[in-house]
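Written below as structure tokens is the structure these notes are about.
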Amino acid sequence: MNVTTPILAPGRLDVARVREDFPILGETVRGKPLVFLDSAASAQKPRVVIDAMRETMETQYANVHRGLHWMSERTTDAYEGTRDAMAALINAPDRHEIVFVRNSTEAINLVAHSFGRGILKPGLAVLISGMEHHSNIIPWMMLREAYGTELRVAPITDAGELDMAGFEALLADGKVGLVAITHMSNVLGTYTPAERIVQIAHAHGAKVLFDGSQAVVHRRVDVQALDCDFYAITGHKLYGPTGIGVLWARRELLERMPPFMGGGEMISSVSYERATWAEVPHKFEAGTPAIIEAIGLKAAIGYVQSIGYEAIAAHEASLTEHAMARLSAIEGVHILGRAQDRGGVVSFVLDRAHAHDVATLLDRQGIAVRAGHHCAEPLMRRFGVESTARASFGVYTTREEIDALGDTLERVREFFA
Amino acid sequence: MNVTTPILAPGRLDVARVREDFPILGETVRGKPLVFLDSAASAQKPRVVIDAMRETMETQYANVHRGLHWMSERTTDAYEGTRDAMAALINAPDRHEIVFVRNSTEAINLVAHSFGRGILKPGLAVLISGMEHHSNIIPWMMLREAYGTELRVAPITDAGELDMAGFEALLADGKVGLVAITHMSNVLGTYTPAERIVQIAHAHGAKVLFDGSQAVVHRRVDVQALDCDFYAITGHKLYGPTGIGVLWARRELLERMPPFMGGGEMISSVSYERATWAEVPHKFEAGTPAIIEAIGLKAAIGYVQSIGYEAIAAHEASLTEHAMARLSAIEGVHILGRAQDRGGVVSFVLDRAHAHDVATLLDRQGIAVRAGHHCAEPLMRRFGVESTARASFGVYTTREEIDALGDTLERVREFFA
Amino acid sequence: MFDDLRDLYQEVILDHGRRPRHAHRPEQVDATAKGDNPMCGDRVQVFVRYAPDGSIAETGFDARGCAISIASADLMAETVQGRTPDDARALFAAFREMARTGVCPECGGEKFDEALERLQPLSGVHEYPSRVKCATLPWHALVAALAGEKESTSE
Amino acid sequence: MFDDLRDLYQEVILDHGRRPRHAHRPEQVDATAKGDNPMCGDRVQVFVRYAPDGSIAETGFDARGCAISIASADLMAETVQGRTPDDARALFAAFREMARTGVCPECGGEKFDEALERLQPLSGVHEYPSRVKCATLPWHALVAALAGEKESTSE
């Protein structure tokens, strides 16, 4: 690769230069260079994000809104700017549809609470899939418990794809009010066929929520093209800070939904008898928001856009292909999920070795993978395993890192042989 | 003051040296040096907080818990360390009683939701006071709406103190299940008599929640000495980052309370039929928490402790005394609240000038004060005003800044005369 | 000391803020609407009386707020008098641009020249973004009243 | 390549992890309890048979988990055999210290010397904090069983 190439030739990602943007990648772990293959749990942060947060705190910080002074006005502008940036990122038609939350878990809980209790008629059902993260299971179980809403689970195939016939069958009786499904599985890497899901669900009168925690990190999301009703995003996987996430929802739904939490910033007027709510999205943002984190998230969005989703998707597709080939070649390694359309997450088990032991042995060589049930116990059960090891990739992941994983796994296999 | 003095002589705060810890205080606003008198809305951040967050992102970051690799273990240690630090700060008997939330608004909503619907018997009442922030009003109004819980409001005196006779009278019928009261008013500066409140409330069978958003910034809080049941804290006012706060609650209550949000990290096991919850506090911490912010908060706690509450309280008491004297001396200025026991928050109105106009004129000189209803509309009504201007002080506030406020207010008065 | 502030608080604003000429309810009210800025607590109710030809015969208001919002309501009442609802809306569009940016180069043409000159003292708010809504709030209420609505917010 | 890891995965651990001797339910079970580490999914059930004098005659277990937790359960079964419940608890205290810190200087005295030597291979976990619970989980379950409880967690 030519050294005079601009950081990012169109459609191409120069991983060596990208890595320079992430200070942590220079660290060593147990004396070995860090090989971070746990980005699906949380991504590392580029310098622009770190700097945006630092600069806010060093030069331009005050509480947002209501402040009639310079620092507050400037901070409010920066904070509100993230709404615009996020709306642009996911092509939301209206910046007021961007609700700030802590993470996608809160986004889904907000929908379960406000839409679930406020709009969804009693007796209706929520339909999830068999590959959901606990964050897209438990809120609906809690809604079932509190409100009687039925919970249905669409089956998945052995390849780890949504079983579309089974999915559609569960909608047939017209009792499903909401389909809540992941846009990309954090265990299998599977992308679900989002457009088709929406078409079918809408045809049966159901709204659709996508858990976009993973998907928006890896490919362009266009909520208008998807035609979905809710979309949940968590900032820390998108190279942004912790403590900030986004719920996108159609404005007409947000208008009708009752608030989730009450407090400062979300009211229009208050007496002890009656309160009226502020306009959306403020109605859903009680209390002092994660101001510094929102500003950091804007930098992360800018960073992702500067690389471009095309380049990201191409880079990750090539890594994933390489990883699938490399790991499959190792005797005793079994990969979970063989979806046609998949992203940069590879879960596997190794014969005769428990995933925790595998993870510890890899860690000893500085290689960070996740091991466990990945907050998806029912999915583990579906595949008859207790836990898996999972390698997941980001913009900074290299082929060499995957080779290091493969080589080390060979030794791990020998170790436990 | 001797230049070789350590940063903080016991009980004494060297404000010049403290100011060096806050990079933002060197900024100018509209060409004038920043005079930041809006700390009650949100405090500025010392370098140690900024550095702790930056270093985490640069050198030691991964998602917490469940990670069997070095980065995750180290990050988990740092994150969990904040629980210990916070438990020590407020003398909580058990680190598991520290629940991380976004801010005190969420802390109170959590209690309203989980204790309110899960433990509080239907038909009981919640008793607040006439000087609450909306964040300690609206959640109880929402609970009333959803659950039928009665809402009572204890009167306050013209001096801005809790009317103890009126308070006790409202408890007399034994129907109050929870007293939820501010520990320090964000408008009047009043400290409520917390120990007495608890004694009286407990004698009448009510639990007690304190909204400590303001109080813990200015004086030592000891939840065991107070003997209260819940205590809400917001990190960004305590010189920490946004996006992180704490609910402290007695463990036996947390054990009995149902979870608030569902998702990853808060479960013990999950099938579609049944989920069991993780131990407290994790039961209440669904999803990826505000990791970087918690680590920043620990640095803030350390910073506050390094100065010491004695020094902070003494410094702020002397500032407040000076401010009350200086502002009272200005013709046409009226201060709201004359509580015996008060902290560094001074709200005032100026004859013939609206608070917004006052704030804008002050801002023109680089002086940041807040103007409006301070998220306390019912309290405004109690004092027959629509809005006030409010100056509030922190560890970095100087006498000279208060003089600047006083001098400028004189000119403002002339301007509108 | 406040010389710079004279940009914002010009004498005309102080004067209209202190002694508004139109702060009352006309005898006959054909349309009315409230405006409300929850972020700062400003509230205004605007009353409109139409002339037989449908133009605005008289505007009055009842306001609680800062000098800027009251002066703006008062100057609004002056400048919309005798105009058709459409022209009042167009004038608002021009005024809003001025309040946001300080200028409005492409505004209105001749028929608004004098009105905009009258409103010009309020253009200083553009340097204080959180005050822009103070100046535009009464206009939002007016436009809501003209549309037959009851409420507006300045959002 | 994994030479350093031999600290943690010593031959004895690999061996007991792979071929545990006590991974079964005794014919007679006087006490049993489950242990559960929700953070990683390890689960173990421990069974105890008492001797007539109240000491531990036999311990067995049923476990799902990593090599370390299974080896630890197996070595535990060996080292508590014939001990009184009090001694088993004291041995756990000593072992836990060792698992956390790598050493246990003030531990137990003579009567535990041999047992701790047997458990010593597990001390390597102290460098992997998230694995410490793998090693202590079966002990938590044992202690719960001895106390007549049904469940424990390693928290």
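As written, the chains take the letters A, B, C and D, and residue 1 is the first residue of each chain.
Going forward, a residue touches a chain if its C-beta (ideal position, glycine included) is under 8 Å from a C-beta of that chain, and two chains touch if they have at least 3 such contacts.
The structure displayed is predicted, hence computed values, not measured ones.
Chains that count as touching both subunit A and subunit C, per the definition above, are B.
Using the average of C-alpha coordinates as each chain's centre, C ends up farthest from subunit D. Separation between the centroids of subunit C and subunit D, computed from CA atoms only, is 78 Å. Rounded to whole angstrom units, the spacing between the C-alpha centres of subunit A and subunit D is 38.
For the pair subunit A and subunit B, the distance between C-alpha centroids works out to 31 Å. The residues of subunit B that reach two or more other chains are 30, 66-68, 72, 267, 269, 356, 360, 363, 371-372, 377, listed in rising order. Contact with two or more other chains is made by residues 39-40, 128, 131 of subunit C. Subunit B meets subunit D in the complex at residues 65-68, 72-73, 76-77, 267-269, 278-279.
Interface residues of subunit C, counted against subunit A in their complex, comprise 36, 38-40, 128-131, 153, 155. For subunit C in complex with subunit B, the touching residues are 1-2, 4-5, 8-9, 14, 17-18, 39-42, 64-68, 128, 131, 134. Listing the residues of subunit B that touch subunit C in their complex gives 30, 352-357, 360-361, 363-365, 371-373, 377, 380, 386-387, 408, 411-412, 415-416.
Here subunit B touches subunit A in the complex through residues 23-24, 27, 29-30, 34, 36, 38, 41-42, 44-45, 49-50, 53-54, 57-63, 66-72, 102-106, 108-109, 112, 133-139, 141-142, 151, 153, 234, 236, 241-244, 259, 261-267, 269-272, 275, 286-293, 356, 359-360, 362-363, 366-372, 375, 377-378, 381, going by the rule given at the top.
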